[in-house]
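Have a look at these structures, which come just after this line.
Heads up, the next two complexes both have chain A, just with different partners, chain B and then chain C.
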Partner chain A sequence: MLPRLSKATGWQLFVRATLARMYPRVIGANRERTWVFFEVLLPCLSLTAYVLVYRSLHAPPALVSFVVVGGAMGAFWANVMWAMANQLYWEKETGNLALYIIAPMSMMAVLLGMALGGMFNAATRALAIVVVGALLFDVRFSTAHLPMLVLTCVLTMTALYGMGMLFASLFLLFGRETWHLVNLAQEPVHLCAGMYFPVKSLGVWVAAAASVIPLTLGLDAIRQLTIADGPTLGLMAVPWELLGLGFLVAIFLSSARFMLRHMERLAIAEGRLTQSRS
Partner chain B sequence: MNAGRAWRSLRAAAWLGWQIESNWTDPFLFTVYSVAKPVAAAAILVVMYAVATRGDFSSPTFAYIYLGSALYVYVGAVMTGVAFAVIDDRERYRMLRYVYVAPIDFRLYLIGRAVGRFAAATASVLITLAAGIVFFHLDIHPGAIDWPVLVLAMAIGMPMLALLGLGLGGVVMQFAQQSWSVGDAVAGTLFLISGAVFPLDILPAPLRACGFVLPITYWLELVRRALVGRTGFQTFATVGSGKLLVIFSGLTCLLAVAVVASFRWCEQRARERGLLDRTTNY
Partner chain C sequence: MQFAVETEHLGRVYRPKRASKDRGDAAVRVALDDVNLQLPRGELFGLLGPNGAGKTTLIKILTTLLSPSTGSARVAGYDVAREPERVRPRINMVSGGEASGYGLLTVRENLWMFGQFYGLSSADTNGRITELVDVVNMSDRLNTKSYELSTGLRQKMNIVRGYLSDPDVVFLDEPTLGLDVAASRDVRGFIRRWMDEDPGRTTVLTTHYMAEADDLCDRVAIINGGRLLACDSPSALKRRLRQDAIFEIETPPIDATMAGHVSLVAGVRKAAHRDGDGFATLELILEAEHVIGEVLACLQRQNVQLVKLTKREPTLEDVFVDLVGRRMAEVEGVAPSQ
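Right, the complex of A and B next:
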């Protein structure tokens, strides 16, 4: 008689599913070297253009540092939108979504695996962008507030990827619009979040409204903690921004969980969720 | 080339391109989508300029940056649009093989596919310019515009961008993994070395030299001049518009010869190696 296979359940199944989904994301994205090259090159090109704009206008050097930090955080935003928000729609188009839904595991684990893998990939790109930016433009960063910086990064990433998890479910409701919506969420978001300038310049009310996007508060806090002139150009004190980010984490993660359950119910009740509609 | 066949290829591809670009949503959302991205891109530069200069929007430097950003939308739309048609038809719709064997002119088909993007880009450029005039008092008056230079620059400029796209399309045909990124990488590089939003003078000498042999550099300068007169930077200050037009036309002719030859080679290679009906699933 064959030995009975042990079957993971509960939190063990959740962890295994998370790791299983994380694995192809990390390995796949880094095995293709040209992807890594382009994912670093493209942000560096736009970053260089924005730095040269500031230089041609004889702007203070602190603004060049703002561009470099913004360019690095842009890697996370691109990853959240293209590899999280767009992902389930993409899986639907390629026929994998039905397999995910019938697999005996939590879809939250799948999304978490995608998020952790994506975060790792984006972090390597962001690091490369910071190094290239620092070397090319002689930008200096402070590490005097390291614990606070780590906390800010953790909260920003959790809120950002929580938002990506929410959008991943939401975008399943759409058809071809998904690609266009994700594409639309680039330059307008770069503007609202103050990707290449202090967000305070947009005015307090616009900046406050833009704080719904975790990138806005996270970017501003990271700049205040790493750039010498950052605090004078910051939107508000860092502890308040961390409080805002904590609030966004709670909202996005709980909304993502709710939406995912809703989508699973729809998939079972209507049986059409996994159909390609493009 | 048979004129009837050429016109039929262009018209059918333009219609198809327009449908692909626009029929995913209602006209209102499509307009918002087409306009929001370029306007936001221009607005980023406006805010950066305001932060760096404390809001001195009357300076000719502002007009240089704003117009460069607005006009560059055409590069992304037309050049990348032509190249993207190859990937879209091969990888997504998986129709390139059928299009290729159809009795149409393949090069004109690819160029025609970008007509939809060109139309959307024109709308967004006009809206961006209107926003510049209304909100930032950009000094553009219909009576003061140098219409002959503007018309000539646009009449040569759009085919020039389509040619660049065709050249890129031939290259993209050869790739699998990198094909989605090549268009953006080229557009990003050209943005950097064509002096779109900053003068070529601040680039390192080798990159500056590259900028001076690019037709896009002269196209941007000519359209800017036609709209607002001499711009704030010294790069082309001593060169007249007539001379710039001659240089621009000459470089575009050279580009046309190079693109036709390179596309023919790429097409031949793709046919021999079965790249036209390849689906890479990347």
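Right, the complex of A and C next:
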């Protein structure tokens, strides 16, 4: 006869559940090497196109660096939309969501695990893009403001993945339309966030409106901190951008927590937690 | 007495999201209606019914995935709607044909991950995985990626996942759905062994396989159209028909309406028609053995040729026919698969 097992509760359970949900992303997603082609080499093609356009127009060399940083941050944005916002819907379709709900852990642990695992994955892809971009286009980055850069990255990622956690709950209720919603969010965000050009060139008001997306402020601040001519092309001073990112962190994380609870209550009332079996 | 599972006047109604005035109440679907159950600890309880009978809805409510529209349900002593956080550490669930876990992870990694969701330590989880996969004969597949598993092996992994967390109450929703005979036998053996190991463990099993319910369950509830029609041990349910005579008549292919003709014969309690490969079978529940003479005369008048006549002991299928008036496969509109 098998002995009864002791089970962790409270924060210990939260940590175990978070690490467990991180695991498939960190280990599983890197098990198939095809990501190198799809998530590094293919994005480098569009990056190359922008660099060639800038060079043919004899644009300032700083813009080439802007493109490389934008390409790297694009890996995070794609990850947030495809692997965070979309995820709970797909977890529902595979049957995992029902198992998550009936387990004693907090669903926030699942979302946090997804986010941390996604961040790790996207970071490897972003780093690969930066290295390939730097080698191909002879781009140099400054590390003079390293502590500030780390703080900016932490705030940007927290706000970005907080937004992904919020969308995950919202998109769960939209069902199959999520795929279209995610697709719809791609190009406009690339434009509004200034993925391949200084967001300042959109004008102050458009850029300010686009700052609702954490990518906009985060990308601008990272460019100012890593590119020699970055501050001259920046939207506003970095401390103000960090303040804005801090505000977005608070908004997105608290909204994600509220929306997750609301979604769970609604889905249990309406019977929407299990896969759409015909 | 504290029951492992208890429901009182439990009901669930599905309403369309945007109810149109034209459709009115017709669009409202009653999935469960006034279900009352009491399952003592240690019982292996079966819910038997065709697809759409309400079995899965009941399981969803008991596993906190769905709120009841009326009545209440308690699992392990806690109300599923008001205290789900107390119910969840004590239960687990396995559904037939589920594709849970992540394909790129190995069997061990998937199982470890689900163990962590219940707060088990890695050492306990790994020890438990090793023991349980051995019972279902898949120790050699521990390091296989789960997308490489066959349907049967995948379901065995799901079964192990369901029992890994050492639950007090396990809900198995069609656990042998789509499995071959050998895999089904392994899964049934595993369930029986798990129950035998600890008298405090409870299993609720839904199935539409009569033989599975008969073979495994201490008690069986027959459910159809959201209503509980009968609830007793398989032998007691079959005893209800002991005074009846049960015959099977095999004929060349005949029109399904023949069962209607036969049911008009005095003394025929129920008649059901089943098509086979190049033949048809009429299943008859008669009030007395001598009624078969009248039935045969009726068939002769309809020019139906007799191929084989068999008298047999009642089965749960007969109980279902007696309660519902049709065979389960007829209710589902599909041929029986096991």
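Note that the second predicted complex is superposed on the first by the 269 of 278 C-alpha atoms of A that agree within 3 Å, B and C clash if a C-alpha of one lies under 4 Å from a C-alpha of the other, contacts with A are read in each partner's own complex, and residues count from 1 in each chain.
In this text, contacts are C-beta pairs under 8 Å (C-beta built on N, C-alpha and C of every residue); 3 or more make two chains touch, one makes a residue touch a chain.
Keep in mind it's a predicted model, so treat the numbers as computed, not measured.
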Three-chain arrangement built on chain A, chain B and chain C clash or fit: fit
Partner chain(s) touched by A:Met105 [first = chain B, second = chain C, both, neither]: second
First, second, both or neither for A:Lys7, with chain B first and chain C second: second
Which of chain B and chain C A:Ala144 touches, first, second, both or neither: neither
Chain B versus chain C as contact partner of A:Arg55, first or second or both or neither: first
Chain B versus chain C as contact partner of A:Ala269, first or second or both or neither: second
First, second, both or neither for A:Leu191, with chain B first and chain C second: first
Degrees between the directions from chain A toward chain B and toward chain C, using C-alpha centres, nearest 10: 90
Which of chain B and chain C A:Arg16 touches, first, second, both or neither: second
Contacts of A:Glu32 with chain B and chain C, given as first, second, both or neither: both
Lowest inter-chain C-alpha distance for chain C and chain B in the superposed arrangement, angstrom: 7
On chain A, the residue positions that both chain B and chain C contact, one per complex: 32
Residue ranges of chain A in contact with chain C within the complex: 1-2, 4-9, 12-13, 16-17, 19-21, 23-24, 27-29, 31-32, 94-96, 98-105, 268-271, 273-274
Chain C to chain A touching residues, read off their complex: 14, 17, 57, 60, 63-67, 85, 88-89, 91-93, 95, 98-102, 104-105, 109, 112-114, 116-121, 124, 128, 131, 145, 161, 165-166, 197-198
In the complex with chain A, residue positions of chain B that touch it: 24-25, 33, 36-38, 40-41, 43-45, 47-53, 61, 65, 177-178, 181, 184-185, 188-189, 191-192, 196-199, 202-203, 233
In the complex, chain A residues that touch chain B: 32, 34-35, 38, 41-42, 45-46, 48-50, 52-60, 63, 175-177, 180, 183-184, 186-188, 190-191, 195-198, 201-202
